[in-house]
């Protein structure tokens, strides 16, 4: 159990410190301290060690570097892989084939399905249903766990078939794939996805019995990537904000600024000097219109749970996406199966001159940005990666502060209660802490 | 047969799953094996932060799975505490076993340089360290390599452990499995820089089965039987230069003590 | 082997009846066959071994160290050396194990008949030699004088030390010399020195003596030189070899030894080899 | 012996019919340069012109991984995992590989038969195919370039089709009901076969025989070749795993999670791996790469009394599939003091 302890320091009445937030990816703690009624400090301490990805890959061959970057994070390895490879291709002016792009998107959807299923069923639902983990939850609600596992499995299998495994896909290379899936494999994926539609809807049904918290409700800026095909996707080239502005992905360095804070190995990001949110909820808030089918119907039905001002809604937005992406992947796999070019060769990268490549995409948790610079020998000369968690950290801290203040106002004193509420908010963001620890500014 | 000798059939062995600095992939792998519910029933999970809020540091366990490299002072403290409280300590995955990809710049850049390149002048109160494998700091009873480890190896280890023993570790390279898988050899055929010959087997030549040359994610074959020199010589003949060979072999092998001397043997002198 | 129509790799169930700790590392295990038919028909020769199976852990080759006369029962002296053997050490009487065999050629006891017998053991080598020695005692009339030299590095490591010590009186009466010695243990009250250093105590006639040895290669080298120099007939000098093995029946290939002209399986062409085989095949010892 | 002939077009028909008799495996191109015996779906994909497959034919009778037993730990019972009743038909096996199988037979069937191998082998069908050597072949000096046993049928190339030798009763049974596609041979066919064999004989990179090689191996045990060549060796085991006559295996027990049941599996092993000679202690009988390297040279050149050949049949796999380019044939010639043909 995350420890919530009250120590007796001067002038601090009841500080709360959670050493290690459980059920998130990576190591982080929360620290809150109060003086009287006022909340002084709210910090999301990221003590997950730094791994210096952008620095260790400097001077390294680009092929090897794009194999290493996805190791930033296991929950969104495919997201990193696709985004990194796209940035690399942009840097060396290689244009992948349409088939390659489609396969990458299906792979990416596999990551979404797996990551959302894991987050909702394994990490978040136990909170909602009052268990300390999914295993104890599974003992009393075997069906819920089974549905979650089935979703996770299909997401994982898509990645295994297309990418070689569901954590750290090596089959995704600059220029294409080492080995293409067979028509039969794609058809099997489609059939399996069809069979799992109900399980996907079940996640949402299970969640809606749970109410959003008013304490963290506040207006906020959301950023999300405009889907390339105007439907709903994680791929695209323009970032839009709920303020109505937009910018090209290539220009993210100018819009999103980063700074080092003492309590975190992850840097903090701001958009026009404001904290902002990036997440499934942001995608939904900005591009929810692009949804279709059951996802659209259910989103309308449960619109009260999809409040862009309330971070707790992110869970519901993820559940809606789960339904949508199960359908989208089914459709795409079937289409691709029918006109698969099984002998299409990977385009071998030819690097003749130096270049710079930028790529942004929507990872399951939000915006992910890559900039890679290569010299004419194909060696990395600069790298910049901003992960979703690094982007939303200031917003997350703001929400935690709001919650702490509201609870203080309501007179809630029990550190256990406060602690577990704070943790639940953190979890709603589905942070990827190990992801966040690698932001760099290299000129 | 008694599962854990000390308590016969009465108690379930206690398990802890801990992370140092890593991508959390090995834990994710462990948490998502097909037979996870069977495992959960056979053992008592004392600590598994990624999955359970009922997790604690410092409780006594029969086996501690440690993921991640030692990359902060806090990692080191935690590792020592874990070691003190565990009967068997298993290094889980490439970071714990070999130091992980974060060791790629080992020998080229020290911590200060890495820090400056990422955080610039920015100050952070916590203290980081150059990434190192777990066995540099504490006794490791068993190694489960892989980035991430393979499901069958995890299962074999767990079932054998519950049975009171452990699988004989593999001391041969990926090539062997590549052959059994019926792949063509892309090193011979296309001259691709495959690290299969120096990488610990166990993945059933996963990447080669996808026509992708092995990048060595399972780490160098143990017991000094990763013949970097022979492979480097071969790569050299196929037209790769020293820097490239070294960079590639170091992704997962940076902490192997034979790597640099063996490269020196082929290319002469230190870099 | 008893033909039960089973696969060569299938085992007979044996029950552990008793355990006797011999040293810190070695324990003597007494087993009985569960199946009465097997118990009745199962025979072995001194120097042969069995594969002992602990299901879930694996199989290990172990020499039979009891008297071939005790039908239905057999004893194994097992050193706690690794995964399987440590688990065997934890077995309690009443436990069942799987056993197959016996395997290997064993010592050619028939050829030894009518000769003096010299047994030389070092360390764990006493295990197979005990069955040779017991055979000679069981068939006392077939042999001339008998000498057994049992050595170890340290006193507490001398296998069957007490058993041999207890036999000494009767043995002397029957022209059986028992010599026990240690090589590295100054505190040991008995004899000190390697086997070669006690050869003058051997109450045998080199011209008409069979020699059975089991110990490390270094001992073989020393003893060979000595024996040949003293005029022992090389045709009657036999030793056992050890190699890794997984099957015991000449399939798994781990115990292959020799050079291209003399390629052998320790498990089926051995583990007992004669002087000529050993000295003509380079690299065996 | 009976001889018949078949046209190339009818051969495809014959292959089609064979598929009905069991699982048919034949040489298939798996990449630019490599071939492997694979299950035949489309008979047109069968390769008649290939030099060697990357995996040896023994794997069909002695799989790389097989469960020998399942077991019950509480009852201490082993349950033999008998191979399924399945007819394995191997089409396109070269003479060297046929002898390779016979060598494995001699070890796995003749004494203490291995029940798994025996069962598969006895219900297997072997159809040989003539070939022309490349620079890696040396089955001639191993005296196995022409086989007279160990096959049910043997296909010898003709300008359009094959002259077929019928080796066994099983072979007859394959021919008799198919006489609509087989025909009788002509003198011309026989002459073609002579000419083919003569041409083939001349194509080998070396001539003569290596019957005395194993003595030279023993007489030149300290030859510098071992140190020089093993230095290049990667210890990857490719040479042994592709070899048609290597047989080493390891056995392991895999218990279930509850420890009540489990399986005993065997997997191919290689003497090139460190653990091959390792015993408890730990002591290693082959502690260095060089000692492991040399071990193979000894083993492969030892004499098999049943096939009256060396354990090496000269198929060239261990050289062709060696990532480190170690040339077994040339190294042996160096030891034997033989000269390369000009």
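The letters A, B, C and D name the chains in turn, as written, and every chain counts its residues from 1.
Note that a contact is a pair of C-beta atoms (placed from the backbone, for glycine too) under 8 Å apart; a residue touches a chain by one contact, two chains touch by 3 or more.
None of the values given here were measured: they were computed from a predicted structure.
Visitor: Compute the shortest path length in steps from chain A to chain C over the network of touching chains.
Guide: Counted as steps through touching chains, the separation is 2.
Visitor: Looking at every pair of chains, which two share the most C-beta contact pairs?
Guide: Highest contact count belongs to chains A-B.
Visitor: Of the chains shown, whose Cα mean is nearest the mean of all protein Cα atoms?
Guide: Central chain: B.
Visitor: Whole-Å distance, chain A centre to chain D centre, using C-alpha means?
Guide: For chain A versus chain D, the centre distance works out to 52 Å.
Visitor: Report the inter-centroid distance (CA atoms only) between chain B and chain D in whole Å.
Guide: Centre-to-centre distance between chain B and chain D: 37 Å.
Visitor: How many Å are there between the centre of chain C and the centre of chain D, using C-alpha atoms for each centre?
Guide: 38
Visitor: I'd like the Å distance between the centres of chain A and chain B, where a centre is the mean of that chain's Cα atoms.
Guide: 25
Visitor: Residues touching two or more other chains, restricted to chain B: which are they?
Guide: 1, 163, 168
Visitor: At which residue positions does chain D touch at least two other chains?
Guide: 73, 252, 255, 259, 262
Visitor: With chains as vertices joined when they touch, what's the shape: line, ring, star, complete or other?
Guide: The chain contacts form none of line, ring, star or complete graph.
Visitor: Can you list every touching chain pair?
Guide: So the chains that touch one another pair up as A-B, B-C, B-D, C-D.
Visitor: Applying the document's contact rule, which stretches of chain B touch chain A when the two form their complex?
Guide: Residue list for chain B touching chain A: 19-26, 28-29, 31-32, 36-37, 40, 45, 48-57, 68-69, 71-72, 74-75, 100-102, 104-105, 109, 113-115, 117-120, 122-126, 128-129, 131, 147-148, 206-207, 209-212, 215, 217, 244, 247-248, 251.
Visitor: Using the touch definition from the top, list the residues of chain C that touch chain D in their complex.
Guide: So the residues of chain C in touch with chain D come to 6-11, 13, 53, 55-59, 79, 81-82, 85, 96-98, 242-244, 246-247, 249-254, 256, 258-263, 268, 282.
Visitor: Which of the residues in chain D come into contact with chain B in the complex?
Guide: 30-34, 36, 38, 54-55, 64-65, 73, 231-238, 241-242, 252, 254-259, 262, 268, 270, 272-275, 289, 321-325
Visitor: Quick one: in the complex, what on chain A touches chain B?
Guide: Within the complex, chain A contacts chain B at residues 1-2, 20, 22-27, 47-58, 60-61, 64, 67-68, 71-75, 77, 118, 122-123, 126, 132-135, 138, 145, 152, 156, 164-165, 167-168, 170-171, 173, 177-179, 259-265, 267, 420, 423, 434, 438-442.
Visitor: Going by the contact rule at the top, pick out the chain B residues touching chain C in the complex.
Guide: Chain B reaches chain C through residues 1, 5, 163-166, 168.
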